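Same chain, two partners: subunit A is paired with subunit B first, then with subunit C.
Let's look at the complex of A and B:
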């Protein structure tokens, strides 16, 4: 049985835009991997169709069946993590091994404040 | 806490990514019958049904089945020796459709989805039932429709059997954005254990 994990440096889970995400990927796979890659990506979640984009990635050279590799990935300027009721923007660091697309991910927050941006409350309607 | 407090999109039990995890549920046949009919039709057929009846989901599931049986499967494209799956035949113009059929002659199979019959021999007509909707609601939220103060029949009928839009109504309820069509449910009071 395969095991993949991703551990971020200092267990840091909140980042500012443009900051570097550092961590270590660990894996023990059922067979020799063709490739192992770490990806920094965001995805939307909510009512409508979902969207996703890989902001940065790194492919590990000559990965062994059991291995660990350090990585550094630089965050772009945006989008910020967002927690609305109709839509959310979620950031993750994912390690994915092929063949089989076995993967594990760690969710992170990307914003200037370290918290997901929330929609401003609507002004009260005058009665 | 009232339902009007609502949950964030990432925690909404009816969020899109969770709905996409649902697999097609047959009403009165099954995989054996479907695959036998596909063979009998020379591996060419159409999945026909109204919106929200599971055509795309069934097409994806069929692709997975065919792959597991050792066939090569291509979504949208055509390749000699592979089974082509096309979601939404209506999106092609008549000319594009004729060209597509010509190109697909060398394919090992061709299955399309459409809202109406006529593109290829009908492989299956997809439909839903209030029971299927109720099962989807349970799978998403851990509650049956009654947990949202609506019967499966009422919700199913209100959406004309469209599971997708019915689940979107429940999304709005969980988000605290009650749609006009569910005001009846709102009046009856919707228990809320999804609010964060």
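Let's look at the complex of A and C:
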């Protein structure tokens, strides 16, 4: 039975754009991994088809079957975490072990305020 | 199902291949003639009679080619009659297993390509089964699969879109060949020899299948060329059949049996003849498949342009998202905002109207011809009503955009290419044309979410406006030029383009003209993170 986990430094889950995400990846795998990688990425959720883009990643050298590694990844300027009516933009840190693409992720918020951007409701249009 | 059809086609292919093991020998042509095939096809068949030596005896053969079923063109059968002239020695093929089986020609090996057709179905079936049963598909815990790996390749998406439009391009070009090739023959036939010809048979041929009936002119005529009498039933170069029999009936009525008139013969091939070498208005139908081809070509260009402009790939210069904070280099200085030329709008609308109505007209004329011929196609009529209404709306749109093309035209300039959240820029505009016709002018900045998704084979885009910021509203007469500040709130969302999902900021300019289409311009601007 494989286990993978991600722990972010100081259990911090909200970041400003450009900040560095620090943490530790832990794993115990069923077999010797070919590679273990940590990725900082955003994805969309909502009505539209899912879009995903990896903003930063790091591959750990010579990973053992049971191991732990520290990582540092720098956030880009955007996009901000967003919670709209049709679209949500979510940021995550994910650890992936190959073969088998077994993975575990930790969602984070990226915005200047520490909260996902939520558009204010439009004022009522006078009839 | 695919395997069943594959078995049938392989069986046919095997029969073709076996004829290539037959012995080549010499046959003596005894006689031959052209006759109409029995049954519903009405094809003209070349029916030869020849003798050959096999198995120590003289035998008689009557098969031209295994599987031969004649041709709708009498001229093609007549050409075979010329080629296999009486009392000539010609090469032929005799089965080694059964010397009574002989033929003057063998089926082309190109016909073996038909095996590929059911093979595609078999491949899809086998592929689907192997995908459904593959170990990867049966992974025990799909929840543990990587989320970041679900990103579709933008090149792949562009390729899929290009392939979709490629079907339009290929089908359009392929269909247009049915009209362009005969049109080329019309040009070539300008130098053909004019000869007197006599109509032998004259009728409107009906081609019926499960989709209904189509009609073609079938006039068999006789003419003298190359030292003997020959027959042809080619009325014009545009072959095939179509709906509506009235025009064809009138052609047949004008050429009853016994009519003597002029026909045209290819000087290089006396069996190649035509009665009418003119370019009829039917040839203009070529524009319909060419519209498909143009739409396909435009779609392919669009697919690769959005790939080129899409900010998806990490490191792409267009994507601020992949750059470290503060590294997003935004060109400063005023930038002219691109607005489509009104003539481009008219042509765009015209193209759309022609494309839509071109497709709908095929079914519309079919429906009309059914009503005219006494049928009552209520189902088809009800089905077509919304499509015809959309077509009429598009025609209205063409005239509307044509009127709007005479409106005053704004030229828009923004003081910087992108505006950061919490920042501002100056929008300037200058009108060309009679600006005095406008009674009001408003400029609005609109923020909207756009989500593209698929349902079945169709792609939809939903749009949700989340911000409307008034920028300018004229008081009194509208001036030839003006400017206003565009301020972006700090607590809203910046522009974003992920491929299927977008957040767009649009400047909307609207000028009202009484009893005339309004001046409307929409132009996207880029709002960047602060």
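Everything below uses one rule, namely that the second predicted complex is superposed on the first by the 126 of 127 C-alpha atoms of A that agree within 3 Å, B and C clash if a C-alpha of one lies under 4 Å from a C-alpha of the other, contacts with A are read in each partner's own complex, and residues count from 1 in each chain.
To be clear about the criterion, a contact is a pair of C-beta atoms (placed from the backbone, for glycine too) under 8 Å apart; a residue touches a chain by one contact, two chains touch by 3 or more.
Predicted model, so just to flag it, every value in this text is computed and none were measured.
Applying the stated contact rule after C-alpha superposition, one finds that A:102 touches subunit C and leaves subunit B untouched.
In the overlay built on the shared chain, the residue A:49 is in contact with subunit B and with subunit C. Judged by the touch definition given at the top, the superposed model places A:85 against both subunit B and subunit C. Of the two partners subunit B and subunit C, more residues of subunit A are touched by C.
In the overlay built on the shared chain, the residue A:117 is in contact with subunit C alone; subunit B does not reach it.
In the superposition on chain A, contact of A:18 is made with subunit C only, not with subunit B.
Shared interface residues of subunit A (contacting subunit B in one complex, subunit C in the other): 46-50, 84-87. By the touch criterion given at the top, residues 6-10, 12, 14-17, 20, 168, 171-172, 175-177 of subunit B touch subunit A in their complex. The touching residues of subunit A, counted against subunit B in their complex, run 45-50, 83-88, 90.
Note for the complex: subunit C touches subunit A at residues 144-152, 312, 314, 319-328, 447, 449-454, 462-468, 491-494, 496, 498-501, 503, 528-530. Partner subunit C is touched in their complex by these residues of subunit A: 2, 17-19, 39, 41-44, 46-55, 74-80, 82, 84-87, 89, 92, 94, 96, 101-105, 112-113, 117, 119-120, 122.
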